[in-house]
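Across the two complexes that follow, subunit A remains constant while its partner is subunit B and subsequently subunit C.
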Partner chain A sequence: MAALINVPSKAKRGDIIEIRTLTSHIMETGFRHTADGKLVPRDIITSFACRYNGTEIFRADLFPAIAANPYLSFFTVAKDSGKFEFEWIGDNGYSTTASASITVE
Partner chain B sequence: MNAPVTRRNAILGIAVAATSLVAPSMLRAQSAGRVVVVGGGFGGTACARALKRADARLQVTLIEPNKTYVSCPFSNEVIAGLREIEAQQFGYDRLAAAGITVVAQAATAIDAQKRRVTTSDGTAFGYDRLVLSPGIDFHPEALPGYDEVASETMPHAWKAGAQTLLLRRQLEAMPDGGTVAIAIPANPSRCPPAPYERAGLIAHYLKTKKPRSKVLILDAKDTFSQQRLFEQAWKELYGDMIERVALSQGGRVTSIDAATKTIVTEFGNYTPDVANVIPPQRAGRIAGVAGVADATGWCPIDPVTFESKLVPNVHVIGDASLGGGIPKSASAASAQGKAGAAAIVNLLAGRTPEAPRLTGVCYSTVAPGYGFSLAGNYQPRGDIFAEVEGGATSPVDAPRELRAREATEAERWFQAITADCFG
Partner chain C sequence: MISWRAIAVATLFTAAPALLAGEIPPDARRSGYTFMGPDTRAMQDDDTTNPGMLFVLDGEALWAKKTGSASRACADCHGDARSSMKGVAARYPSFDKSLGRPVALDQRINLCRADHQQAAPLPYESRDLLALSAFVAHQSRGIPITAGDDPQAKPFVAQGRALFMQREGQLNLACTNCHDDNFDKRLAGAPITQGQPTGYPLYRLEWQTLGSLARRLRSCMTGVRAQAYDYGSPELVALELYLMSRARGLAMETPAVRP
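Here is the complex of A and B:
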């Protein structure tokens, strides 16, 4: 499943807006063992970033203690119409991107 | 015949409860007392009856504003047009005939110092022990935009009665090809498997009458009780008619806009033809009035006696209590009512209550003649009930004969529990 994002489609200039993201990921810690004693290798998302018209406005590093399907919500100020771009990067070459546009009046 | 209450008497499975508590050995309480029970559902009625059976000299008062009780168990079948609401309705005449004083008023105030309950008509009832079995109320702050007015267009049908019939009428009025959304809250909530039973039964109605329609589940949970059984049954019976958006797919409902009949989730808006919004819940209103509910909205109790951790001499049973592993169900509420009654009889007689072992059973029907069940046993562990050995869930891969048999057993269970509580 692709990542889910929720960005208001419209806002007034200067409004504080909430941005929500959720991506499906098992976030395997690397600390668990299978029934026959083998270590389950770590498989997590390690970083998330959000750019607003090309400028990074939010970044998070993720660690093994974060639960599956990481949900991140954060706030920013609506300045200009344009595009939000989101990127998740993780173990084993994991990479997902998403984008959403906003009209600022 | 002067034996104390034994563990055997306190085993409160559905099957044995009816006989175990009428044992005349319990009639020798040292002194009778006054017990007021607030709430005439499965918990309150089971408790009031068990008290009176245990000691006929006890003054037992049941305070319940509704003269007719409408059972939630099996009300999903009313929604789906498989059953009439009259089959869900029960009165309190037999309780009155058993010597229980039935007061058709709402409890409005509780004075724990003076041990007194006041009802809406101003009458005061003194008690030695008070039992609150108020069931659930909806949590208005937990789902912005969803209130009583909203529930008139987007019914919850989570308290049986007019709401049940409203949802049924909306389904009947919906054109073929429509979407029925069911918004499901996170736990703890009343009868955790019931929303999924409802989804199946609504799908049955749609498949029969409006086959191009869909059921859309918007769920604040990722996993749920008996999930594999439900999902297998949905697929087998209804193909892809039921679609579920789980928590991690953005299914959690965050607000309601009743004016546009919109369900808002964390990641999208839905405007279904029929919106069944089951809101987040907390203990029934009187629990807050009595001061027995904590910050969670539910009532912490001593699991041996069901006495509130917050207010002495007040016992809380059923959905309103913080039961730990016990699901909030009619079956569990009636088992708790009986166990609470046994504890109160002992406390009033100056004896030490014994730890109960409760049995809860839950049947789900996904279509006529297609049912399965979950049975669990629970014992006090620390501040809550923990599930102990002996529970069972229907097998996932089972022949249809077993599903048919369990559907019949479900009906029999309903007859037994309603007879036990009201009959």
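Here is the complex of A and C:
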């Protein structure tokens, strides 16, 4: 599944940087019914984590009230050049990853 | 003398609403974007927050993927979409000579699949069809709409216009009653727009997904308690064609974001 990540490609050491992530997911709540009355089973992303050079810097739990294609934005301090790794985990064994690199001067 | 003047005045007053109603002049045409709040505009403007871009990315992957019994990808004939598909969506729905009627962009993709890829048609509003349409239409972003300029398409533009002007449903409303005569006002909490189809397929927050112009038209028809035309019906394509010709000159925005 597609994901859109926005991490600044360059930053000065100590800068506060914004990281924005957007991923494809239907986020089916599990509360809706089909026209013939059957319950549509829940299918959501349940957790998101971001690691910066292997260290977890942000984690979020997601719930049925969150809209489809969840957008998450958060801030961190640019310390070292390296890699951000993103992971989304959800129902029915859903798992997807993405990464982005940054150069810190 | 006085009675003549009274008649003249009366004629003017009865004629005036008829003159005011109807088509929006080119310089007064406004995209639905201008009716949105700053948050939704910001969401559309930034490609990393616009959820429609997720579909464009999927469409880009599908463009290069070989499919059907011919085992050909769109890219095998059309090459790089950034040049070959530039401006194409701004001309759709477009008149098809062999069928003798206009076809919408998603129908053209399915015709291409059938004729050149020997692949099964993608269902209307399926993720793959929307993704491909969005990817193709995205290549026209910023290009002014010129659909309906083809002389062969004119009778279908006229058919679409007649449908646009025709009252229907239990509420007995025509498209024109809201989108020509009452735009900029509100229907409950929601602004009434001019109904300019500049950004389809677009991401509608209410739908939580991308949707085609046909889907939007069908939901408006359900809203006036009319029986909506089926996906792919000639009436819907004619309406799409008229709406695109009515938006002539406005820039394409695909994938737009709308509330």
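Throughout what follows, the second predicted complex is superposed on the first by the 104 of 105 C-alpha atoms of A that agree within 3 Å, B and C clash if a C-alpha of one lies under 4 Å from a C-alpha of the other, contacts with A are read in each partner's own complex, and residues count from 1 in each chain.
Simple rule for what comes next: a contact is a pair of C-beta atoms (placed from the backbone, for glycine too) under 8 Å apart; a residue touches a chain by one contact, two chains touch by 3 or more.
Note that the structure is a prediction, hence the values are computed from the model and not measured.
Enquirer: Of the two partner chains, subunit B (first) and subunit C (second), which one does A:L39 touch, if any: first, second, both, or neither?
Expert: In the superposed model, A:L39 contacts neither subunit B nor subunit C.
Enquirer: Residues of subunit A touched: more by subunit B or subunit C?
Expert: Between subunit B and subunit C, C touches the greater number of residues in subunit A.
Enquirer: Could you say whether A:V77 touches subunit B, subunit C, both of them, or neither, answering first, second, both or neither?
Expert: The answer is neither, since A:V77 touches no partner chain.
Enquirer: Let me test your reading of the model: by the given contact rule, A:N69 touches which partner, first (subunit B), second (subunit C), both or neither?
Expert: Touch status of A:N69: both partners.
Enquirer: Give one of first, second, both or neither to describe whether A:A2 is in contact with subunit B, with subunit C, with both, or with none.
Expert: second
Enquirer: Could you tell me if A:S24 is touching subunit B, subunit C, both of them or neither one (first, second, both, neither)?
Expert: Both subunit B and subunit C are touched by A:S24.
Enquirer: Find the residues of subunit A that appear in the contact set with subunit B and again in the contact set with subunit C.
Expert: Touching subunit B and subunit C on subunit A: residues 4-6, 20, 22, 24, 68-69, 71.
Enquirer: Under the touch definition given earlier, write down the residues of subunit C that touch subunit A in their complex.
Expert: Result: residues 47-49, 51, 53-55, 57-58, 61, 205, 208-209 of subunit C touch subunit A.
Enquirer: Would you pull the subunit A residues touching subunit C in the complex into a rising list?
Expert: Touching subunit C from subunit A are residues 2-6, 20, 22-24, 26-27, 67-69, 71.
Enquirer: Residues of subunit B touching subunit A in their complex?
Expert: Within the complex, subunit B touches subunit A at residues 222, 247-250, 266-268.
Enquirer: Please give the residue numbers of subunit A that touch subunit B in the complex, ascending.
Expert: Going through subunit A, the ones touching subunit B are 1, 4-6, 20, 22, 24, 68-69, 71.
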